[in-house]
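First chain A sits with chain B, and in the next complex the same chain sits with chain C.
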Partner chain A sequence: MWNKVFTGFGYWDVISWLIFFFIASFFALWLRSIGRRDYKEGTEQDEIYWSGNPVPEDGAEISVPASSSYWGFRKALEPYYKVLVAMHSGHIRDYVGYYVVTAALIAALILVV
Partner chain B sequence: MRLEKYLEILPKSLWVMTCNSGSCNGCDIEIVATISPRYDIERFGMKLVGTPRHADVLVVTGPVTKYMKDRLLRIYHQIPDPKVVVVVGNCGASGDVFYKSYNLEGPVDNIIPVDVYVHGCPPRPEAIIEGVAKAVLKLEAKREELLKAGVEK
Partner chain C sequence: MNWQEHLPALILAIPLLGAFATPLFSLGGKTLRNVWMVSISFLTLVLAFFIWKYVGANGVMVYVMGAEKATLALPSGMTYPVRIILEIDGMSAFMALAGSIVSFAGAVYSVQFMDRFTGMNRFTSLYFLLTAGMLGLMITGDLFNFFVFLEIASVASFGLIAFWRDKPEAIEASFKYMLISQLSAMMVLIAIGTLYGRYNVLNMAGVASMLHLGFAEKFVLAFLVVALATKCGTFPMHMWMPDAYAEAPAGVTCLLVAVSQASLYGLMRVCFSLYGATIGSTFIPWVIVIFGTASMFFGVSMAVVQHEVKRLMGYHSISQVGYMLLGLGVGLLALGNPQAMADYGFTAIKGGVYHIFNYTMYKALLFLTAGALYYATGTRDLDKLGGLARKMPYTTFMFAIAAAAISGLPPFNGFVSKLLIYESVFAVHPFFTVAALVTSILTLASFVKVFQTAFLGPEKACFATVKEVPTSMIMGMAILTLAIVLLTLFPTWVLSNLVEPAAKALVDQGGYIGAIMGGGL
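Moving on, here comes the complex of A and B:
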């Protein structure tokens, strides 16, 4: 049951992974144990630090989503994304069509080359 | 065995949290200069941290505007004991040119207890480092008190 499984792509052994899991857990718990314990529970020292602001119920009220970090990339690649988004129509017949066309192109490529 | 129990100094180097309570940023630039290669406070183990949870020292700049009062208080309360507060710059120490301005709740010692004042507009990085060094002594005294009271282990 616990034999090693050689998939041809890598190595999988349950016992090894369990050992790894326990070693990793030990280090994680050890790191946690050397953290500060001198804070007062139940006070503001226990609360989330939000740059001094009261913790909002909805973080979107005062923070800008990280997706905006990439607006420059999105703007630069807009023509590319427009085509891609348009291709994702949601109709299975379109996707099957892409598949058939791609398969035909690859087949032609293989047969010709 | 915790070796720091047998040491007569602080168990760790000072970690500093900064709070700009309405400063023009002049003092903050000088604070950042202290971690630059010329002054390099990190050779003493001191560093600026991004959360009050890890801090021993709160460095406050600016005269404390009405908007920042609650935030400064919250940050102060979020720092574990023992902690010291260092005010950097004339604005935080006295209000300076903004003294009695309609928009101020400060200076800082109107809001939270202050241990060390570093004057200047802005103070030189050497002065800020000296201020933090004075804070070490205060922090040691506070830690001793907590040890005697049995709060700190």
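Moving on, here comes the complex of A and C:
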């Protein structure tokens, strides 16, 4: 039950990983415990730093929306995404088209390959 | 009479009874209907567990519908089986167990998730019809019966996807799925009709025992591969999936994940058990490998740029199906070569089969957590969500586990099945491993995005009154979380007792045929 999983090329041992996880957790908690103890809750010490400006009350104003995540990634791959998003047009005509073309292609190729 | 020999019929009869008796039980009020829904799905799970235990101990189960003796496949000295026969080997039992767990979790979750809506009688009936269709696909040994269950599952799906019929998007998603699904069903029917015309038999083992790869059989194979690949969401026929998964109620999406796996099971049954070594050239195995690689990469590429949480998860489903197709396709490539099968083919099949179970659990859980977000906030748009971890701690915790599992982070279960796939497909070409690894990194990236935008960050004023979802929804999610944790902690046990028997059954075409053609005695 707790043995290693052999893949034919290597192995996976969940116990070793859990031991590693607990050792890492121990060190993380130990590092945390030696931090400063003169921190005062409820004072300006635990206020958010917002580039020196007053922090907006509503969290919605200081959140990065999901649409802005990985902007650089999408910008760098813009030509790729242009084609891929265009394929997902939402038109059922296109969906059926991809289906029929794929089916025809495989049915034709299976006879010759 | 040994009651256990009737388990195959019972596992279909119970959800069918659940479906057709729901209107009667609904007369007793909401509580009785909810108790009925949870009890029937739990009973189905118990039956699936008994079947899995029985098959593990005694080998293939055969059940002949309407025969004097349920296990007599060839009565009165007949050469070929003529009745509808249910045939459950290790792979079928494995699939039925996974599907039943998800069906139970979805039913428990739906009790309170759907409480705000009317039409729950219809919902419950359709839910059980979908469960019956899914289980039928997994345990039938008859080709036409397979088509019938495919249609039962499809028709129930159309109704459930469009359940919120006041939303035009739900109707549109259901219509798209209906059109694609019916196109696939027609191709399956043409393929089955062709095989029946050629061999005069509809039993899978009977056809497999006679099958010679001619012109018609090649067409049949192409039709079945394309139709079933479409139903499980393979690129480029996957377009219906994000729409349907996004618009269906969360408990239904959870079950649809398992239903798509029933189609994948059908695809593998056709390739391994119906055609097997007679599949001829490596063309179809390569088609499956290419389908898998393309689904993995293009599915995750589309997921990364989504900002609607269920659509994002829908695209991930396509990507995850890609892993399974890749693993099983590589196994199929090695099928005619014992050395290749021993070196990497069987490991790839084990990886693919293991990933089916893992994927079914964590993806079902992810859809339930997405449903919890929608239930609590009224939106699925990640641009609007945020700061919910403090308000919904249980949902956050379970989402984090499922997200880590799907991303293949060690030590979670997704990592183990992906590791088996990475290392075995490397033997065919390193490109496939690289593609799988890149897909895994992008999966992690997109779930980090979901976690950061929906759960972390400062509290938003519009969600000030949001609170954790009701108990039944937490229970539904907890069932799947528990399954993920067990799959994570005991991978060796899972491999030896669940995955390997299923993988062995899949490659053992002789055993599948012999269970029927040997007379079932």
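Operating definition for what follows: the second predicted complex is superposed on the first by the 62 of 113 C-alpha atoms of A that agree within 3 Å, B and C clash if a C-alpha of one lies under 4 Å from a C-alpha of the other, contacts with A are read in each partner's own complex, and residues count from 1 in each chain.
One rule holds for everything that comes next: a residue touches a chain if its C-beta (ideal position, glycine included) is under 8 Å from a C-beta of that chain, and two chains touch if they have at least 3 such contacts.
On a predicted model such as this, the values are computed, not experimentally measured, just so you know.
> Should A:T43 be classified as contacting the first partner (chain B), the second (chain C), both, or neither?
After superposition on chain A, A:T43 lies in contact with chain B alone.
> Per the contact definition in the header, classify A:S25: touching chain B only (first), chain C only (second), both, or neither.
A:S25 sits against neither chain B nor chain C.
> Among the partners chain B and chain C, which is in contact with a greater number of residues of chain A?
Larger number of chain A residues touched: C.
> Could you tell me if A:D94 is touching chain B, chain C, both of them or neither one (first, second, both, neither)?
Touch status of A:D94: second partner only.
> Where does A:D58 make contact in the superposed view: on chain B (first), on chain C (second), on both, or on neither?
Second partner only, chain C.
> Look at A:L109 in the shared chain and tell me whether it touches chain B only, chain C only, both, or neither; answer first, second, both or neither.
A:L109: touches chain C, not chain B.
> Of the residues on chain A, which ones does chain B touch that chain C also touches?
Shared contact residues on chain A: none.
> Under the definition above, what is the set of chain A residues touching chain B in their complex?
For this pair, the touching residues of chain A are 36-40, 43-45, 47, 49, 51-54.
> Looking at the complex, which residues from chain B come into contact with chain A?
19, 51-54, 68, 70-72, 74-75, 77-81, 152-153
> Which residues of chain C touch chain A in their complex?
Where chain C meets chain A, its residues are 175-176, 179-180, 183, 187, 215, 218-219, 221-223, 225-227, 230, 236-237, 239-240, 242-243, 281, 283-284, 287, 298, 301-302, 304-305, 307, 343-344, 347, 382-383, 385-387, 410-411, 415-416, 419-420, 423-424, 426, 445, 449-450, 452-453, 457-462, 488-493, 495.
> Under the touch definition given earlier, write down the residues of chain A that touch chain C in their complex.
It comes out as residues 1-5, 7-10, 12, 14, 17-18, 21, 48, 57-60, 62-67, 69-70, 73-74, 80-81, 84-85, 87-88, 90, 92, 94-96, 98-99, 102-103, 106-107, 109-111, 113.
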